[in-house]
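Structures incoming, each one as structure tokens.
In what follows, chain A forms one complex with chain B and a second complex with chain C.
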Partner chain A sequence: MEIQKKSISKASLQKLIEKLNANGRKIIAPVKKENLVEFGFISGLEQMAEDYILTNQSAKSAAFPKFEKLFSYEVTKNGITQSDSGNTEFPELVLLGVRPCDADGFTSLSAIFTWDYHDTQYTDRLNKTTLISISCSKCDDYCFCTSVDGHPGNTKGSDIQLTRLESGDYLAEIITEKGITVMNLAPELFANAPAVEKEKYLALVPSRFKAGEIAGKIKSLFENDIWIEQSLRCLGCGACAFVCPACACFDIQDESKGKNGIRLRCWDSCGFSLFTLHTSGHNPREVQSQRWRQRLMHKFSYMPERLDVLGCVGCGRCSRACPVDMNIMEHLINISEVQA
Partner chain B sequence: MNHQNLYLPYLMTIEKVTEEAPFVKTFRLKFKNEEEGSRFSFHTGQFGEYSVLGEGESTFCVASPSTRKGYIECTFRQMGRVTTALSNLEVGDTIGFRGPYGNVFPVDDWKGRNILFVAGGIALPPMRSVIWTCLDTRDNFKDITILYGARSVDALVYKHELKEWNERPDVNLVLTVDPGGETPDWNGQVGFVPTILDKLSPSCENTIAVVCGPPVMIKYSFPVLKRLGFEDENIFTTLENRMKCGFGKCGRCNVGKVFVCKDGPVFTLKQLNELPAEY
Partner chain C sequence: MLEIRQKAKELLESGKVKVVIGYGKSTNNTTRAVFIRKPEDAEKLVLDESCVQNLALYLYKHEVKHFGKEAVVASLPVLRSMLQLGAENQIKDQEVIAIALTPEKKVVELSTFAEIEKHVSLFKHDLTAEEKQLLKKINAMTLEDRWEYWNKEFSKCFKCYACRQSCPMCYCPRCAAEVNNPQWIPVAPHQHGNLEWHLMRAMHLAGRCINCGDCAKACPVNIPLNLLTYQLIEEINNEFKYTAGTSASQNYVLSTWKLEDKESFIR
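So, the complex of A and B:
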């Protein structure tokens, strides 16, 4: 559908939040927590952080929580009873102030969770989530969305995108049916769009490499020593995967208390040595360089080849979170330059 | 769009427990819900996720043949948390099962060919499904040779079936145990599977080879088959990467661009040659 352009004032946005709350939707937005900005529930615009580049964690947990129940069970005298509450427990969410890269992260996640088998655990949550992104007027040295087909005003994945104008009002782009549904809750809050050029309000994120070229290149480097060089200091801590908006690897575990329990899934990482370890002791990816290679190959070669999407949106969170300062952007530039 | 929880297992009753070898058991499982059972079907080579609720899930191939309906069997060795919990169960107990997942052995394409099975240790179970599928439709195939080895005489699984295959005139069964694993009354071969395979030197003429075993056995058996003239596309194996979901989401069994759970577990050597050796 064609994007509708509107505008919304700060006061109207506050009213929209109240309206959404009254409508039974929970609102999640960037909130200041000590020196971090994280997603948290808000009931008013004043609680929302201003002046942030990115939240510490990505927005993915709205549809793919760090830890979620798959079903519950009870061991009874006659055997086992399993109960699946379906999607009835999933909340109606509105994510406000998500960055365009985070919204686009759902494109990668959706590709994984819907190819062939349809993972309703994920899709039901996503269907109940409306993403209102705010385009980026600032970036930092870790940002590289423009190198991976993204953009500070990229509307892919967002239902509505806001761009802050100098007047304090927002340009509101209504992108999807879900966006229209939100707008239609209070159409009077949306005014006609002023004649502005959106680009003018966006950060300038320099393009550092071309993801398309990396995809072809990286395959030929499988046996290259670059993986060893790049991963020498990797601790295998998995922080990169946990902050990544496009990482979908997970583990399945049981948690029981007496005769009751749940089967749950939780985030996992291909960077952990246990990830692929067989019970026999055999491990197909024994050393960290193989696991680092898997991380980049999966995101920049296997996913584009199999699912037609990249597994990276260029948010740079992995580089910010890395305790030993491995910078993915520098490593990718490195890969683009190395002679095969 | 199929709107069901992919993670919810079928509930199965353990109908029969067979002790195959020390720490190795076979369960015969029946669907608690008959309607689910009648809707269920699988093909040889596919696998499932077997669970003890509260402990977790384990991945095994369906060890029974697809030609026999109404039940499935799995054979496992007690190794970790889930298989230990499974081991402690008895006839009448309930377990969870998700599946069938993965691709299949293309037995229909093998009609009119000789079949050579090469198996080691606890890897006979996935192959047993194919062996019985072939034996249940015996007229479709020419010579059937089974080479099976284990660490010791004690560790050979499906002892009663080995006896049955040994007595059949239409099956050529060769058993071997690792040096030192033989007993005084052992009348089979002594030596590692690749060595015995070399000694046996089966003809590659019109023959499909199915190889399944620990990584080291597979590693040394492929070159023997190559030396005997087997083409890469006529050598089949089933990979045993660690898995969780079983349907290409959790990322664990990803090797190169394939997911062992989706694109496998059955691969030809030709397909393996195109993959990084991360299995």
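So, the complex of A and C:
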């Protein structure tokens, strides 16, 4: 559908939040928690963090929480009976103030969760979530969305996108049916869009490399020593994967007591040494350099090849969260420059 | 800084070591671990107050060890980690050369555990006044408040294991958290799983932690894990008069016993 352009004042945005709340929707937005900005529930605009480039963690947990129950089971004489699977009633959520890169992260996640198996737990949650992104007027040295087909005003993945104008009002782009539904809850709060050039209000994120070229190149570097060199300082933790809006790997765990139990899925990371450990004791990725290679190959080669989508939105969260400064943008520039 | 570079260059040029683990500049004007293998690259080494990572964990990393004999730019926590790793038979005497600074900031080369022990004895190892203050604040809470405080902190945990991976003492190829037959620690990052994970990790570090604080620094969600280790350091110090990482020949306090122990069950 064609994007409808409107405008909304700050006061009207506050009223919209009240309206959404009254309508039974929970609102998640960036809030200041001690010295971090993280997503949290809000009931008013004043609770929202003002000065942030990005939240510490991505918005993915709205549709893909760090752990969730898949079903319950009971071991009986006649075998195993399974109950309450996939029928959980998920709440109607509005994610307000996500960045365009975060919204686009759901494109990558959805590609994985609907690829060979349609993961209803994920899609049911996402279907009940409306994404109201706010375009970026600022960026930092870790941002590289423009190198991975993104943009500080990218509307892909968002249902509504707001761009703050100098008047304090927002340009509101209504992008999807879900966005229209939200607007129609209180159409009186939306005014006609002023004649403005959106680009003028967006951060300038320099393009550092071309993702398309990386995809072609990285395949030829499988046996290259670059992976060892780049990952010498890597600790093998999962901080990068867990803050990433496009990392979808999970681990299945059963928790039981006697004959009853629940099956859970929990975030997992290809950086962990156990990730590929076989029951036999063999580990096809036995050292960290192989795991680091997998991380980049998956995001920049396997995903575009198989799912026609990149596994990276250029938010730079992995670099900010890394305890040892594994700067992904720097590593990718490095890859783009290597003579294969 | 120049002296450090000179020393690294000498060690590499003479072939005495194959790699010098130290700190170098990052692209974002901070510092991070670097692995110098050519004498001419010794110029890349830096040493300033931003160089805080405990580099001892790289000593046993597969790809680093693969280069050959190692030297490490060793702050006090690195030296103490080396002694503790020595005490736990994870590195051997004379296996690694430490490039350290004396209290007068002179560069010295320490090749044996005995030399490292002597060097380490020149420094104080008590908790700092600031660390003691933080501990006092936690301990002044009622039991209920403290329980609530830690549960709130642990609720942030998503089990990325950065605390474990950044710790030189967490070298187990298979962590107790990953043993699943029986499953000691629930894997999911829910309240029960997080609480057991952090308490287990803390208890496994009792008498072994050398207080580098890297677990807390590495945590991407800012859980003050150093408060747990401060408490353990104090307990072990008070109860056993024992400081980890001061000798490569002392027995790890929780795996040894003495006939004259004040508890009777030991006899």
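In the analysis below, the second predicted complex is superposed on the first by the 325 of 340 C-alpha atoms of A that agree within 3 Å, B and C clash if a C-alpha of one lies under 4 Å from a C-alpha of the other, contacts with A are read in each partner's own complex, and residues count from 1 in each chain.
Here is the rule we go by: a contact is a pair of C-beta atoms (placed from the backbone, for glycine too) under 8 Å apart; a residue touches a chain by one contact, two chains touch by 3 or more.
Everything numeric in this text was worked out from a predicted model, so none of it was measured.
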Which superposed partner A:263 touches (first chain B, second chain C, both, neither): first
Which of chain B and chain C A:321 touches, first, second, both or neither: second
Which of chain B and chain C A:75 touches, first, second, both or neither: first
Touching partner for A:253 - first (chain B), second (chain C), both, neither: both
Contacts of A:112 with chain B and chain C, given as first, second, both or neither: first
Partner chain in contact with A:163 - chain B first, chain C second, else both or neither: neither
Contacts on chain A seen with chain B and repeated with chain C across the two complexes: 251, 253
Partner chain A, residues of chain B touching it in the complex: 1-9, 11, 13, 32, 51, 53-57, 79-80, 83, 94, 96, 214-215, 240-242, 244-245, 247-252, 254-257, 262, 276, 278-279
Interface residues, chain A side, partner chain B - complex: 70-71, 73, 75, 79-80, 82, 84, 86, 112-113, 115-121, 222, 248-254, 256, 261, 263, 265, 268, 270, 275-280, 282, 284-285, 290, 294, 297-298, 301-302, 305-306
Chain A - residues contacting chain C, complex: 34-36, 56-57, 66-67, 141-142, 228, 231-233, 235-239, 241-243, 251, 253, 255, 264, 266-267, 269, 272-274, 287-289, 321, 323-325, 327, 330
Chain C residues touching chain A - in the complex, by the definition given at the top: 26-28, 30, 32-35, 53, 57-58, 61-64, 158-162, 164-166, 173-174, 178, 186-190, 193, 214, 217-218, 220-222
